[in-house]
Amino acid sequence: MKKTDFVENTGVEVLAEDGCKKRPPKDNPWKNSRLIIGTIILGILIIIAFVGQLFWDKTLVNVGSSPLNLPPVGNEYRDQIGNWAHPLGTDNSGRDILALVLVGLPHSLGIGFVSATIGLTIGIIFGFSAGYLGGRVDDVIRLLSDTTMNIPALLILIIIQSLIPNAGFFAMALLLAVFAWQSPTRVLRAQVLSMKHADYVKLAQLSGSPDQEIMFKEMMPNLMPFLISQLTAGTSYSVLILVGVEVLGLGSQKIPSLGITLNNAINASAILRGMWWWWGIPTIILIVVFMCLLLITVGLDEVSNPRLRDH
Amino acid sequence: MNGLTWKYALHRIGIYLLTILISITLIFVISRAVPGDPIENMWRQLEMQKGQIEGVDLIIDHYKELFGLNEPIGIQYLKYLWNTVRFEFGVSFVHYPTSVSSMIGHALPWTLGLGLITTLIIFIFGNGIGAVFGWERTPKFIKTIIPSSLIFTSIPSVLAALFLLSIFSKNLGWFPLAGAYNSNVTQGWNWPYIASVIKYGFLPVLSILLVNIGWTILGMRAMVVTIGGADYVRLAQAKGLKPFYILKKYTVRNALLPQLTSLALSLGGLISGQVLVESIFSYPGMGMLIFRAIREQDFNVIQATSYMFILITATSVLLIDLLYPLIDPRITHGED
Amino acid sequence: MQKQKRTITCLIALMMIFAIVLSSCNTSPTDEVVEETSGTSDTVGEETADTGTQPGNYENATREETVYFDAYVAHVDHANWNPFITDNLRDVGLQQALIEPLFMLNYDTGEIDPWLGLSMEANDTFDVWTLNLRPGVKWSDGEDFNADDVVFTVNMFLANTPDLGADVALWTESVEKINDLTVQFNLTDSNPRYQLDIWSFKIWGDRNSIVPEHIWNEYADNPMEFTNYDPEQGWPVFTGPYLLSKFTENEYIYVRNDNWWGVEAGFQDLPAPKRLIWIQYGTEESKAAAMIANDLDAMANTSLGAFEAMTAANSNIIGWESELPYGTIDPCPRYLSINNEHPIWSDSTLRQAVNLAVDREQIVTIAYEGGTSASISIFPQYGSMEQYNSALEDAGLAASKTADTEAAKALIESSGWVLNADGYYEKDGQVLTMSILTIEESMETRRIGDVVAEQLRNIGIDAESQVLSFGAWLTAQSEDGTPEDDYEGAVSFVCGGVNEPYVTLNTFGGGEDVTKGGMERWSGESWEAFRASVAQLKNLAPGDAAGVPVVVEAYENIIEDMPFVTLTQASMLTPLNTTYWTNWPTSENPYTIPSTWVQSTHLIIHNLQPAN
Amino acid sequence: MDQSLLEVNDLTKIFGEASQKQKKQVVALQHFNAVISGTTPKIITIAGESGSGKSTLANLILGFIKPSFGTIMYKGQDVSSFDKGEMLTYRREVQAVFQDPYSIYNPYYCVEHIFDIAMHNFKLTDDKQKKRDLIEDALNLVGLKGENVLRNYPHQLSGGQLQRVMIARAYMLKPNLIIADEPVSMIDVSLRAMILEIMMKLKDEYGISFIYITHDFSTAYQISDEIYLLYHGMTVEKGNTVKVINNPHHLYTKDLIASIPTIDEKWEGHIEVTEDLESDRGQLKPTPTFMEVEPKHWAVLS
C-alpha cells in the first residue's frame, strides 16, 4: 500500500514520546549521511574550540600579548619564522590567531544560534497564528514582516550599534533576531496553511482541542525535522549577518570573534601584505562551519521530506 | 476558482500603502534615533579634520534653521510625509546645496543596472542550478559538485569582493581596480562606452552574484523536490512523459512563481547588500550614497534612499501578489 | 507561463536599457571634445603618439607627462565647482591645480610664504591689516587679478555669512581698496593671527579663496547657488597653472595652461606635468595595487603594513623617511581625553596615575608597528614647533616615553583604592573602570585604544576600549547628560597649532564666557591659571619668542592637574612613486609636506621633475 | 413529546461571495431538511454522486463550516447559538468516523493519542485505571485488544484496524450521533461487513444514531433505515431505504441506481441527465415540493 509506505518514511520515531513501539532501525531516516557528516564535523570544531580554550592561553587574544606579524609555524614572513609558541601566527597587534579562533568560533556560532532560536520562536508563533487563524491576524503579521523587510538592514544595524555600542552576547543575538524571524514566519505560515485541512486536525477539533493545542500539539510535532532545518539554516544566516556586520566594523569589539578578526585584517590590508593566515584561517573556518550547517540543513530536509532522499 | 477580484486587489493595495506608511515612519524615527545632531557632528568633524573654523557655532545654527531642524518633531514629521509623497526630498545636509533628487538621479541608474543584471543572472542561473540540484535524476556526482559552488555564500560580500579584486584586477590585471567606465570614452550609445561599462561592472556583478546565488539555488532545490512529489507530477510520470520534459514543464514552471516572490522580497536586501561591494569597487551607485548618508546622519538622503528601496521592494511584492491569481488559477482568494 | 517568463525578461531588459540611458544623460558637455580619442584601449594615455603632445592640448598627454594623485574622498556632486559649498571638490584638484592661495605656511620654518599675495602687515594693535598683492597675476581667462577681486570677494563673504566666509565676517569690519594691488582690512577686534588663520594655507587649504569679480558678480547675492561650472565659457576660472579638462564619477582631469601668469610675471616657470589626474580607488588594496603598477604617483595616507608591502613590490615607492617611521607628522596629535567631571576621574591623582601607566613607546610599537613617535607634548613636533617643545623638555614637563607602573599603582593606592580579588582596584564597593571611546572610522584610534586599555588593565584599572561612530563618539563626550552617565575616557585628537601652540592650548582654554575647558571639562584653579596664560598668548604674534615662557607656564598647569594624557604623534604615511616623477618632498628635501590633498600641493607640482 | 435529537431546517451552503456581481458562487447544499428522533436510534443514509453535497452536509453538522442559511437544532437548541461549554458537549455527543483511516491519525503520535486527547478535553476521567478500562472496553466492542493497537504507530496497523479504532473512540465518548462519512470505501472488502456490523450493533445495543454518508447503495440498503438522495446539493428523493432503492421515482435516482457498476470501487462516473437538470447545477432554487409517491417515500417533482 502506497500510503503506508509514505507514512512509514516520515521518520518521527525518534522524536516520539516513550511508550510507542520503536520502528526497526533499518529504515531510520535520521541515519542520513549528510546530516551525520555535517553534525560530526561541526561537533568536532566546537569541541576543539572548547577543549582548546582549556589548554591554550586565552589571554593571547589581548593586544600586545604576542610578537607582531608572526607567520604560522614553519613559514617565513619578513625575517620572522613561525614557531610552535604561536602555531597559527599572530596579527599586527600581537594577538595570537589560534587563541582568536578558539575564542571567536564558539562566540560567533553561539550568537548565530541564539538569534536563530529567537527568530524561529517568533517565526513559529507568528507563522502558526497567521496560517491557522488567518484573517486580521494574518494581515497584521504580514504587515509587520513586510515593513521590517523594507527597511535597509544597514540603517538599523548602524543605529543600534550607536545606541548600544558594546552589545554583549545576548544583545547582539537579539539584534540579529530582528532579521531572523521573517523567513521562518513566511515558510511556517505556508506549511500551516497546507496542514490546516489535514484530517487529524479535524479529529482534534472534534475531540474538543482548543486552537493553541491543535497548533502546537498536533501540527508542530510533525514539523519537527523541518523546524530543526529552519534552525540550522537560520543559524548560518545569522552567523553570516553577524560576520558581515563585524567586517563592517559595526560589531562589538569587546569579545574577539571571527568577524572582528576579519575586519582587522581587511583594515590592515592583510591580503596586500601577504599575511594570508590572518584572513585565510578565519575565512576557512567560516566556510567549513557554513558547509556543515548546509549539510545538516539539507540532511534534515531529507528527513522531514522523504521525497528529497536519493533513490 | 476566483482569480483576481476587486476585493482582493483593494485589500492588497491597502496593505501595500500601510506598509509604506509604517516603513517611512520607522525610517523617520530610526534615523533620528542616533545620538547627536547631524549638523553639529558634521561641522565638528570638519573642524577636526581641516583645522579650527572660527564662527562655527554661527554656521551650525544657520544650517539647523535652514534645514528646519529647529522645528518641533511633529511638524518635521508632517512636512516629511507631505514631501515624501510628492517625491520632494529637499537638499542634502552634508552636500548642501546639492538636491537629494539629483544625487539619486546620478546614482540610481548605476545601482539599478548592477542590481538588475545580478538579479536577472541570479534568477536564471540560481533557479537553473537549483532545479538540477533538486531533480531526482541528476547524477550523484553533479549533486556533489553543486554545494561547492556555495562556498562564496559563506563569506561576507566584502571579503568576496576583495578576493576577486585581488585576483582578477591586482594579480591578473584583467579588470580595472575601480570606477564604472573608462574616462577616455564618451558616454552614450557607442560600443567603447558599453564595452567599458561591462568591463568595469564585471567584478562588482560577480561579487554580488557569488555571494547571493546560493540562497536561490537552495530555495529552488527545495521547491523542485517538493513539487516533484506533487500529484500532478506523479500523474505526468504515470503518463510516461519524459523526465526532463516533466522537470521543465511541470516542476520548474510551478516552482518559479514562489521563487519570484522570494526574489521580490529579497530585492531590498540585494540592493543594500550591494552597498559594500560598491564602495570596494568605488562604483558610483546608491550604495555609497546610503552608506555615507547613514554615517553622516544626512536625514534627507537617508529618507529618500530608503524610500526608494521601500518602494522598489514593496511594489514588486505587490505586483507579484496581484499577478499571482492571474498567472496561477489554482491560487484563489475567496472567503472559503 | 513561457510567455510570462519572456515578459519578465523583456521587462528587465527594458529597465537595463533605461538605466544605461539614464546614465548617459549625465554626459558632461566636455565629453564631446574627446570623442575622437575614444579608442578601445582601457589604459589611459596609451593611444597617444610617441612624439609627445602639442602645446596647449594636453588632454591626451602621455603617462610620462601626467601625474596621478589619489582622490581619497568620494564626492557626490561632480559638477559643482563652487569652492565654498560644504562638500566642495577642493581636495580633488580644485585647490591644488586651480585655486592658488594668497599665502602659505611653511611647516618647517614656520614662515608665511607669499604666493598671490606679496605681504600682509598689521598695525601695532593688530586691528588694521594691509594686503599687498603680487603684480602680474591673471585669471585663467586673461583678466587681471587685483584688489577689486579681493574687495568683491570679502564683501560677498560679509553679505552672505555664515553660508560662506564665517570666519572672515567674524573678524572683518570692512575692506577698502587702496590701489590696484593694495587692500586694507579693518578688523572688529585685535587679531595677530588674521593673516595666518584666514588668508593663508595652514592645515588644509585657504577656505576663503579669492574669486574673480567679473564672473561671480552676478551671483554676489546668492553665491551658494552658483556651480561655477560651464566648460563652454572655460569655467571654473581661477589663477592656477592648470585648467579643468573633464571629470567622471571617480576621476578629475586637469591640463596645463601654458599661458599661466607666473611665467610672464617672473614668479615661477611652468610646472613640468602637462596633465594632472585625481583618481579615486575604492580601497587601500586597490590604491596600493595601482601604486605598485605605477598607475598612481602619490597616495593619500596609508597604513604601515600596506606601505611595507608596496615598497617590497616596487622599489620606486618612497616615503618621507627612508626608514621607520617612514611617514611624516599629521598636525593632529593623539591624546587620551579624560572626563574631569566624572565622579571617579575627577580625582586628578588618578589621572596622574594614568599618565604614569601609559607606555607611549609600546603604543608606537604595537598600535603603529613603529610608524610614528611618542609625543613629548600635546603639540605636533614640526620643525617650527621646536622652540616650544625643547623649552618644555628643559622645564622637565615633557611626557615620558615609557611607563612607571609602580609609581602609578602607588598613586592610585594613595587615593584610597585597594586591589580586589580580580586584580582591579576597588573603593567603597566600586571597581575602578575606564571605558575608552575610540572612533570606528579611525583604525588608528581603535588600535591605540586597545593598547592603552591593556596597559591600564596591567596596573589594575578595569579598562576596555569601546568603538563608536564619529558622531556617537562626539556626542558621548558632549555635555548633555548627567556627569554619572558621561564618558570616562576617549582616544582623541587635537588639531590646530602647526607653527605655534596657541590654537592647541586654546582648545582646552575655552572661549570668553565658559566655565570649563574643552571636551574634558577641565576647571578649577589650575585651569584658571592656564586660561590666563592662554589669554596672554592670544595677543602675541605667532612665533613671537616672548610666547615661549608663557607656553611653559601654561603647560605647568596642565602637568599639575593632568586634565588629559598626551599619547603619540599622529602619523601620516604618504607613499610616493618615483617611476615617472622625482623630486617629491622628503625629510631630506623638506620643501613642503607630502600631502597631496592640501593646498601646498602647488609646491609639489612646481617641484616635480620627470624621471627621465 | 418526542424531542428530536437533531433537526436540520432548510440548511443551505453557498460557497463564494454572495454579494459579488460575478456569479461565481457555488451552491453546495440547499434546502436540506431532516429530523433524527431522540428516542428511536436510526441509521440515515445520505447518498449521491461526488460533489452532490454529502460531505458539505457532514461538515456543516460537525461545525467545520457555517451554513449560509438554515438552522441545525440539537436537542431543540440552535447549534450556532452554543456557548463554549455547550459546544464542547455537542462536540462530544456528535462524533464522526471518516473515510480515510490513514490520514486521520497524527503520524507523530501512537494510536493511543486519539483516546488521550478526547479523554483529556472532554474530562471523562482523571483516574489512570479507569481510563484504561474505558479504552479497553471500547476496543473490545470493535473486536480489538488495547495491547495490540494502542502502542503502535498508525502506519503499523491496517486500514480496517484503524477504522475500528476510530469507531471505538467515537463509542467511548458515548455519543448520541455519529456522522460516518464513507467509512468503508477505503477498506478491504473482507473487513467491510465487520465495520457495518459494528455500526448496527451500536445502533441497536447502545442507541447511537448514524448519519451514513455513502455512494454505495448496497451497504445503505443493508444497514440504513432512511435514505436521502442528493443531486447537486438538492434532495431529490427521500424515505425508507428499501422503498426508495427498490422503487426509485426521480429520474436522476433511477439513473444513479441503475448505473452503479460495482460496489467495490469509489464511483467516479457521471450520470447523464437531461439538459434541463444540468443547467440548474449550482444554482439556488426555491424550496422543492415533495410528493409522497408511496408511504414513507417522497420524491421531488421533475
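Labels A, B, C and D are assigned to the chains in the order they are written; within every chain, residues are numbered from 1.
Note that in this section contacts are C-beta pairs under 8 Å (C-beta built on N, C-alpha and C of every residue); 3 or more make two chains touch, one makes a residue touch a chain.
Since the model is a prediction, treat every value here as computed from it, not as a measurement.
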{"item": "Labels of chains that are neighbours to chain A and to chain C", "value": "B"}
{"item": "Of B-C and A-D, pair with higher C-beta contact tally", "value": "B-C"}
{"item": "From chain C, the most remote chain by mean C-alpha position", "value": "D"}
{"item": "Mean-CA-position distance for chain D and chain A (Å)", "value": "49"}
{"item": "Whole-Å separation of chain centres (CA-atom averages), chain B against chain C", "value": "36"}
{"item": "Cα-centroid distance, chain B relative to chain D, in whole angstrom", "value": "55"}
{"item": "Length of the line joining the C-alpha centres of chain C and chain D, rounded to whole Å", "value": "87"}
{"item": "Two or more partner chains touched - positions in chain C", "value": "285, 289, 469, 471-472"}
{"item": "Interface hub residues of chain B, defined as touching at least two other chains", "value": "34-35, 162, 166, 295"}
{"item": "Numbers and ranges of chain A residues touching at least 2 other chains", "value": "158, 162, 271-272"}
{"item": "Interfacial residue positions of chain D with respect to chain A in the complex", "value": "62, 64, 88, 91-92, 95-96, 98, 100, 102-110, 112, 114, 117-118, 121-122, 151-156, 159"}
{"item": "Sites on chain B touched by chain A in the complex", "value": "15, 18-20, 22-23, 26-27, 30-31, 33-35, 134, 136, 140, 143, 147, 150-151, 153-159, 162-163, 166, 218, 222, 225-226, 228-229, 265, 268-269, 272, 275-276, 290-291, 294-295, 302, 305-306, 309-310, 313-314, 317"}
{"item": "In the complex with chain B, residue positions of chain A that touch it", "value": "139, 142-143, 146-147, 149-156, 158-159, 162-163, 186, 236, 240, 243-244, 247-248, 259, 262, 266, 271-272, 279, 283, 286-287, 289-291, 294-295, 297-298, 301, 305, 307-308, 310-311"}
{"item": "In the complex, chain A residues that touch chain C", "value": "62-64, 68-69, 78, 92-94, 158, 161-162, 165-166, 249-250, 253-254, 267-275"}
{"item": "Residue numbers on chain C that touch chain A, as the complex places them", "value": "284-285, 288-289, 303, 305-306, 308-310, 362, 365-367, 369, 435, 440, 443, 446-447, 450-451, 453-454, 464-469, 471-472"}
